[in-house]
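Both complexes below contain chain A, partnered by chain B and then by chain C.
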Partner chain A sequence: MATHLEIKDSLQTFTDNFNKNDRLKIMNRDWNRVVVVKATDIESIHTWTLKDGVLALKEGEAGDPDLTVISDSETLSDVFYGDVTPIEPYNNGTLRIMGSEDDITRLDFICLMIWGE
Partner chain B sequence: MQLKRVLTLRTVVATSVGLTLASSSFVAAVLVANYVLGDTAWIAILIGGALCFLAAACFSELNGLLPTAAGIRLYFSRAFNDQVSLVVSLLYMLIVVVGVVGVESYILSRVLSETFPSIPPYYWIVVMLLLVTAMNLRGIKIAGVFQDVVTYSLIIVIVIIGLFALSKVGFKLNAPLSPGGAAGIIQAVAVGVFLFVGFEWVTPLVEEVTQVKQISRGMMIALGILSVVYAIFTVAMTAVVPKEILVASPAPQLVLARAVLGDVGASLMIVIILATSMKTFNAGMISVSRFMYASAREHVLPAVFSKVSMRYFTPWVAIITLFFIGLLAAAITLLTNNYLVLVGLAAAMSSIVYALVGLAVISLRRRMPEQDRPYLIKGGYFVPLLTALVFTLLAVAVLAADLTALLYMAVAFVVVLVYVNTVVPRLKKKYEARKPAARRRPARAPQGSEGE
Partner chain C sequence: MKRVVSVSLGSTKRDHKVTVKLLGEEFEIARMGTDGDFNRALELLKELDGKVDAIGLGGIDVYLFVKEKRYAIQDGLKLMDAVKITPVVDGSGLKNTLEREVVRMLAAETGLLKKGTRVLMVSSVDRFGMAEALAEIGCEMTFGDLIFTAGIPYPIMTMDELEEIANRLLPEITKMPFHLVYPTGKKQESQDESKVQKFAHFYHNAEVIAGDFHLIRRFMPSGMNGQTILTNTTTSDDIEFLREKGVGTLVTTTPEYEGRSFGTNVMEAALVAILGKQWDQISAQDYLDLLHRLNFRPRILKLGT
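Moving on to the complex of A and B:
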């Protein structure tokens, strides 16, 4: 089981990598979304706000997210550190993402752009 | 916590109906009518629809248990194993896509070349596929409300034409309650499954609705609507036009429209055929290109299929590959003129998947007994068992009656099986070799020194 801090670090690493990548920022400048990341086995909720191509992370839950990512703490940490692709836990049912199919695919594209295959 | 954008039941129903209703459905409807006597196709269609209700109930239970856009890929992986899941998913995508694209493009090209004889049939296919491919590459999607309007309008127009045709013969049907022997009815119902192929492709929307039960309700309502619409229109076709003429035509719906409404009806039907075929091509390309992308990301298809357009965020390699597969399927169908075998093939493959869905419900009740099930089929194992048995019988009935379809199915199965057992392990090995040696996630600090 990962800790709340490990999840936070993984999300922060992801956020930093996103914001350092100018190409990603340009590509997502019109994709304004709120993404909630929630652990199932520990108390840990974070919210990403992507606005005008800039990604911001904060602790806690947003009111009306566009996407909600739900999984156990280990999977969340591994996915956002880029040690596993989101598709693997998604296809075996460990990771749940609630939101539109297009948004889910876009989130995976972003992981692919940041971490590669 | 509520998602910002959620789908309504109306859109769930429209999506399920829209994915199912294709121009080729009417070819299958005529095949159904040809297996039974008189104007009794409605009996076989309603039985087929009722049987699909059983499959829909099984899909609903699985969808509630494992709410995911991955669908059968996850259900079968949990219920059986990853290999079975992969073989069935790949085979289903391959056969249904090639089957539906092949038949749709054949119908479309015949209809359009009849209307514009100077333009060769294949030209139309290239143009249509190019259009759909361009839309997919640009990530252009038909907006929800517009899609609802198109689907419901299509349904209303089809019902009106059907009822108008029936009124022309004073609603007098030829022996409407005497379908003939059991063998004919079984064959009719088996082929009739093709009419409902795709109703369950709405399950990926589970992540976009507020309640999982909306998906089950949507599937059931869609099946009800489709059963009634197909029954009315098919009976109208056989009541007005001799079956021999309908069977000989790749677009029997056009024959009926021309017979009852003349050139105006024919023009209207051509518009309907164009709209439904475009909708089918588009929905197929969206679903399958995403499936190919996801498969490449989990290293069961070559990594090239996970390439994404930097401008439009669409899996462009998968989309272009599907364009060429579509062209090939259409070319082979046009050259051989054997489009009916594809109807049988898609009907059989769908029946196999529905039978496995019944078995998956049984298996997962044993493997995951404690898991919450928002939708639980009442009556214990009766419905899933019946689903598995009935659809196995229907798959056997279709394949036994069409040996070419059986041959294609066997070849496709062997190819996919060999692929899953030889190529997939290599792709996974290649990925493991490319993976960074060290994990990016920092090693865990000794206990006691952690943060919160």
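Moving on to the complex of A and C:
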């Protein structure tokens, strides 16, 4: 089990990697979205806001997210630290993502652009 | 008579059966769609295994090639593994040979492709051979893999960047459920209207639009102005669709039988049945030699002004 602070740190690492990747910022200039990340086994909720190609992280839950990412604390921190890709936990049901198929696919691509081979 | 069947995740509306003579031997070539029903495709493959001479897998790729690297799509492998006796192919072997040849032929014998021609490839990792051949003759390339697969409006403009992004993404993308990255079943009969509008300029700015027909169709806007489409699988309805959109010329890499061109998986299955070898023992040169003996030529159809 990971702690709230570990999840927060993994999400911040992901945020920093996104924001320092100029190509990724260009790719996502058109994609303004709110993404909530929730742990199932501990109290830990964060919200990402992606606007004009810049990603911002804050603690707590937004009212009307476009995407909600739900998993246990260990999987969340593994995925956002880049220790595992989101595909395997998504396929085996450990990681759930609520939102449109297009948004889910795009989020997967972003993760892979940051952490891929 | 030899029997070749293509089992496709695509729409049953495109089902078709013809009898053709290849090198003096009669072939019954059939295409059976499953409307995106993965389990139905598995059942059908098991039913056909051992009863036909070769099977093609349609509406899905199994292998994607990026130069020498090969990536296997997990859903495609599951389908392939359902067939134990009959040779089964996905068309990737033929794409890598035939489509390179077609590009070279079009450049040498027609004015459709030349140095500086603006080409949009809606997806290139499923036909890397065509992408390389187009780049080699000096076409000005726009690779739309991220645009039309993930909705990311980022055109890839060079082979180097295409290779880098493909090698970064494909090891994991190939594990995703296939329907998330490619239109299967009923999606093949409709257009994604919001993306048609959003990405129309990529189509309008190109002189040639190349690649998988289902992707080309799903995102093609109105108001095309005489562009050339370079693809493989088309029906007579597809040709009418292209004409209405304003397309000028259709080039299909596989030959026409009774008003439509079959997918490369079907043609590769027919070639495997002729060669009588195991698929993994067939070389690119085997395909090339056979294509020359069969005098395979691309079909070039003028649709408008």
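Before moving on, here are some points about what is shown:
Assume the second predicted complex is superposed on the first by the 116 of 117 C-alpha atoms of A that agree within 3 Å, B and C clash if a C-alpha of one lies under 4 Å from a C-alpha of the other, contacts with A are read in each partner's own complex, and residues count from 1 in each chain.
The rule is short, and it goes like this: contacts are C-beta pairs under 8 Å (C-beta built on N, C-alpha and C of every residue); 3 or more make two chains touch, one makes a residue touch a chain.
It should be emphasised that the depicted structure is a prediction, and the values quoted were computed from it without experimental measurement.
Using the contact criterion defined above for the overlaid structures, shared-chain residue A:83 touches chain B, although it does not reach chain C.
In the superposed model, A:106 makes contact with both chain B and chain C.
Set side by side, chain B and chain C differ in how many residues of chain A they touch, and the one touching more is B. In the superposition on chain A, A:30 makes contact with chain C only, while chain B stays out of contact range. By the document's definition of touching, of the two partners only chain B reaches A:64; chain C does not.
In the superposed model, A:6 lies in contact with chain B only, and not with chain C. In the superposition on chain A, contact is made by A:91 with both chain B and chain C.
Within chain A, the residues touching chain B in one complex and chain C in the other are 23, 27, 85, 87-88, 90-91, 101-102, 104-106, 108-109, 112-113, 117.
Contact residues of chain C toward chain A in the complex are 146, 149-154, 165, 167-169, 171-173, 175-177, 180-181.
Those residues of chain A lying in contact with chain B across their complex are 3-6, 9-10, 13, 23, 27, 34, 36, 61, 63-68, 77-78, 81-83, 85, 87-88, 90-93, 96-102, 104-106, 108-109, 112-113, 115, 117. Residues of chain B that touch chain A in their complex: 1-5, 66-70, 73-74, 77-78, 139, 141, 204-205, 207-208, 290, 293-294, 297-298, 303, 306, 308, 310-311, 313, 431, 434, 439-442, 444, 450-452. Here chain A touches chain C in the complex through residues 23, 26-28, 30-31, 85, 87-88, 90-91, 101-102, 104-106, 108-109, 112-113, 116-117, going by the rule given at the top.
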